[in-house]
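You will see chain A twice below: alongside chain B first, and alongside chain C after that.
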Partner chain A sequence: MANHLQFNFQDATSPLMQELVKFHDHSLTILFFISALILYILMMTSLSKLTNKNILDSQEIEMVWTVIPAFILIMLALPSIQILYLMDEIASPDITIKTVGHQWYWTYEFSDLSKESEIESYMLPTADLQNGDFRLLEVDNRISVPMDSKIRMLITSEDVLHAWTLPSMGIKVDAVPGRLNQVTFSSSLPGLFFGQCSEICGANHSFMPIAMEVIPLKTFESWIIKL
Partner chain B sequence: MSETIEEKLKNYKTAPFDARFPNQNQTRNCYQNYLDFYRCTKALTAKGVDPLPCDWYRRVYKSLCPMSWVQKWDEQQEEGIFAGNV
Partner chain C sequence: MLACRAIHAVGRRAFASSSSLLAHGHVVSKPEPWTLPSYYEQTDIPLPELPYVTELTSAQHALKEKEKGPWGSLTKEEKIDLYRIKFHRTYAEMNKPTSEWKTVIGGTLFFIGATGLIYLWTRIYVMGPIPHTFSEEWVAMQTQRMLDMHVNPITGISSHWDYEKKEWKK
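Take a look at the complex of A and B:
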C-alpha cells in the first residue's frame, strides 16, 4: 500500500511492474540530465558578457544537437517497446478468477474446479478495524491467489463502471457492465497487496477497496477447498 | 494434439489461450463457448452419440463466464427467450 505523501511507485510485486519501475528510473534519469543541461545553458547564455550579433549558422553544432537528441530518443524507445511487447505475451494461464464490481463491493468467482465458489469483499468500516489495520483498505474477505502462477483475471461489473486496481502489480482494468476484460499477471512475492476502485461509481466509490493475498500454492489449495 | 477428449478433460486446469480471441475483450470467448456447448449437446444427442466431448465447452464457459450471466442465459433458455441460436 502507499504510505503518507508517497511520491514513488509501490514496491513491484510482479515481474512486469519491476520492468516498468526500471524503465521509469531510466526515463527520469535522462529527464533530469536534460533539465540540468538546459538550466546550465540558460544560465551561461544569460550571464555571458560575450555578444556576437553576426552568427548565422554552424554546421558542427547543429550536427551535435541533432544527433545527441536522436540517440536519447532511441535510448528511450528501445526499452519502452520491449516492455510493450512483454505485456502482450501470450501464455496459457494456470487459473482463472472472475472479478465482478458492484455498488459498492467486489465479488470474486473461482469456477475452474467442479465446485463453483464466490467471495464477497466489502470494506471494513473504520469502527471495526483492529489495531494495526489500514483505514479504508481492509476488507472482510480478501482474495487469495497462488504464488508463481499465471493468473488470468476477468473483470466485469454488474451495474455501473468500476475499475479494479493493484498498483504494486501495475494493474488497472476497467470493470464494464456487459464486457469481460482480461488481464494476466503473476507474482513472485508472497504478501498482502491493496488497491482501490479507480472509476467513479457513486457515493461509496472511495470505500470499495481491493485486498489480495499472494500465498504458496499448497496454502491456496487448502484455502479454496474451504470456500 | 494426440490427447483424447477424456484426457483433455481429466487434465483440465483452466480455459487455455484461444487464438480466436487474442485481445483484452473476452466477452465473445465466454458467449461462444456457452453457445457451442448447447449446440454440441443438441447435435450429438440428435445423432444418438454420447455428448461427453461437449463437456470441454462446458468447462471453458464455466471458467470464463460470470455466474450471473450463465444464470440469466439459462433462465432465458428455459423461458424460450434466449437470443442465441442453440
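Take a look at the complex of A and C:
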C-alpha cells in the first residue's frame, strides 16, 4: 500500500511490476536529459543579443536534430515493446479466479475446485474500523491467492464499467459488462496488498477497494476448503 | 445575341483590365495603411523604413542642407539634432529596464495571498471535521501495522525501520 503523500511507485511485488519500474526509471532519465537540454536552449535563445532574421535553413543541424530524436525514440520503444509482449505471455496458470465488479463491491469466484465458491468483498465503513485499520482500503472479506503460483484472473462486471487494480503488482484491468478480460500474474512476496476501483462507476466509486492476501500454498489450501 | 446585348447594357468599362485603367491614370485601389512604409522602433531593426520626423521645420531643413556638406563641420548638438530627426530613441533608451517586474510580482503574490485567505475561511467555516483516522494515536497504530506487514520493504517505509533495534534507521 502507499504511504501518506506517496508520489512514487509502490515496491514491486510481481516480476512484471519490477520490469515496469525499471522501464520507468529508464524513460524518466531520458526525459530529464531532454528537459534540461530544452531549458538550456530556451534560456540561451531568449537571452541572446544576436538577431539574424534571414536564416532560413541549415542542412547539418536539421540532420542532427532529426537523427538524435529518432535514436532516442528507438531506445524508448525497445524496452516498451519487450514489456508489452511479456505481459501477454501465455503460461498455463495454476489457478483461475473470476472477479466480478458490481455497484459498489467486488465478488470473487473460485470454480477450479469441485465445489464452486464465491466471496463478496465490501469496503469497511470508517465508523467500523478496528484499531490501526486503513481507512477506505479495508474490506470485510479479502481474496487470498497462493504465493509463487501463476494466477489467471478473469475480470468482468455485472452492471457498469469498473476497473480492478493492484498497483504494487502493476495490474489495472477494466471490468467491462459482457466481456471477460484476462490477466495473469504471480507474486513471490507474501503479504497484504491493496488497490482501489479505477473506473468511475457511480456514487461509491471511491469506496470499493480491493484487498488481496498472498499466502503460502498450504495456508491457501486450508482457507479455500473452508469457503 | 442576348450576351452581346447584356454587355452593351452594362458598359464596356466594367470589363476593362486594371493595367489599362492604370495606364490611363486611374488609381486601381486605395492602398491599406499597413502596407505603406512606417517607422518601427525595435532593437533588431537598426534602420527603419521611414525617418521619425517626416515634416521638418525650417531650422531642420537648414540642418539637413548642412548635412550634405562635410560632416566634420557639424557641431555635437547638430549631430544630436540630426539623430533625433531620424530616430525617436537611442539604443540605450530602448534597452532601459522598467519597473514592470515589480508590478507583476506584487500583483501575483497579492492574488496568491487572497486565494490563501479565501481557502482559510472555507476551511474554518464551511468544511466539516476530518475523519478520526487522522488522530496521532490512530496514525501510530497504522504505521506499526504497516511495519509489521513489511509494506514496501525495498525502498519504502519498511526499509527505513531497523527491525532489530525497533527504531527508525538513522
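The rule is short, and it goes like this: the second predicted complex is superposed on the first by the 203 of 227 C-alpha atoms of A that agree within 3 Å, B and C clash if a C-alpha of one lies under 4 Å from a C-alpha of the other, contacts with A are read in each partner's own complex, and residues count from 1 in each chain.
In this text, a contact is a pair of C-beta atoms (placed from the backbone, for glycine too) under 8 Å apart; a residue touches a chain by one contact, two chains touch by 3 or more.
On a predicted model such as this, the values are computed, not experimentally measured, just so you know.
Superposition of the two structures on chain A shows chain C fitting alongside chain B with no clash. Applying the stated contact rule after C-alpha superposition, one finds that A:180 touches chain B and leaves chain C untouched. In the superposed pair of complexes, A:159 makes contact with neither chain B nor chain C.
Rounded to the nearest 10, the superposed model shows the Cα centres of chain B and chain C diverging by 140 degrees about the centre of chain A. Contact with chain B, but none with chain C, is seen for A:111 once the two complexes are overlaid on the shared chain.
After overlaying the two complexes on the shared chain, residue contacts for A:93 are found with chain B alone; chain C is out of touch.
In the superposed model, A:19 lies in contact with neither chain B nor chain C.
Put simply, more of the residues of chain A are touched by B, taking chain B and chain C as the two choices. Within the superposed three-chain model, A:140 lies out of touch with both chain B and chain C [touch as defined at top].
Using the contact criterion defined above for the overlaid structures, shared-chain residue A:51 touches chain C, although it does not reach chain B.
In the superposed model, A:213 makes contact with neither chain B nor chain C. No C-alpha atom of chain B lies closer than 30 Å to any C-alpha atom of chain C in the overlay. Residues common to the contacts of chain A with chain B and with chain C across the two structures: none. On the chain C side of its complex with chain A, the touching residues are 43-44, 131-133, 138, 141-142, 144-146, 149-157. By the touch rule above, chain A contacts chain C in their complex via residues 1, 3, 6, 10-12, 51, 53, 126, 129, 131-135, 191-192.
Residue ranges on chain B touching chain A, taken from their complex, read 12-17, 22, 24-27, 29-30, 62-68. Every residue of chain A that touches chain B in the complex is listed here, in rising order: 90-96, 98, 100, 109, 111-112, 116, 118, 152, 154, 156, 158, 178-183.
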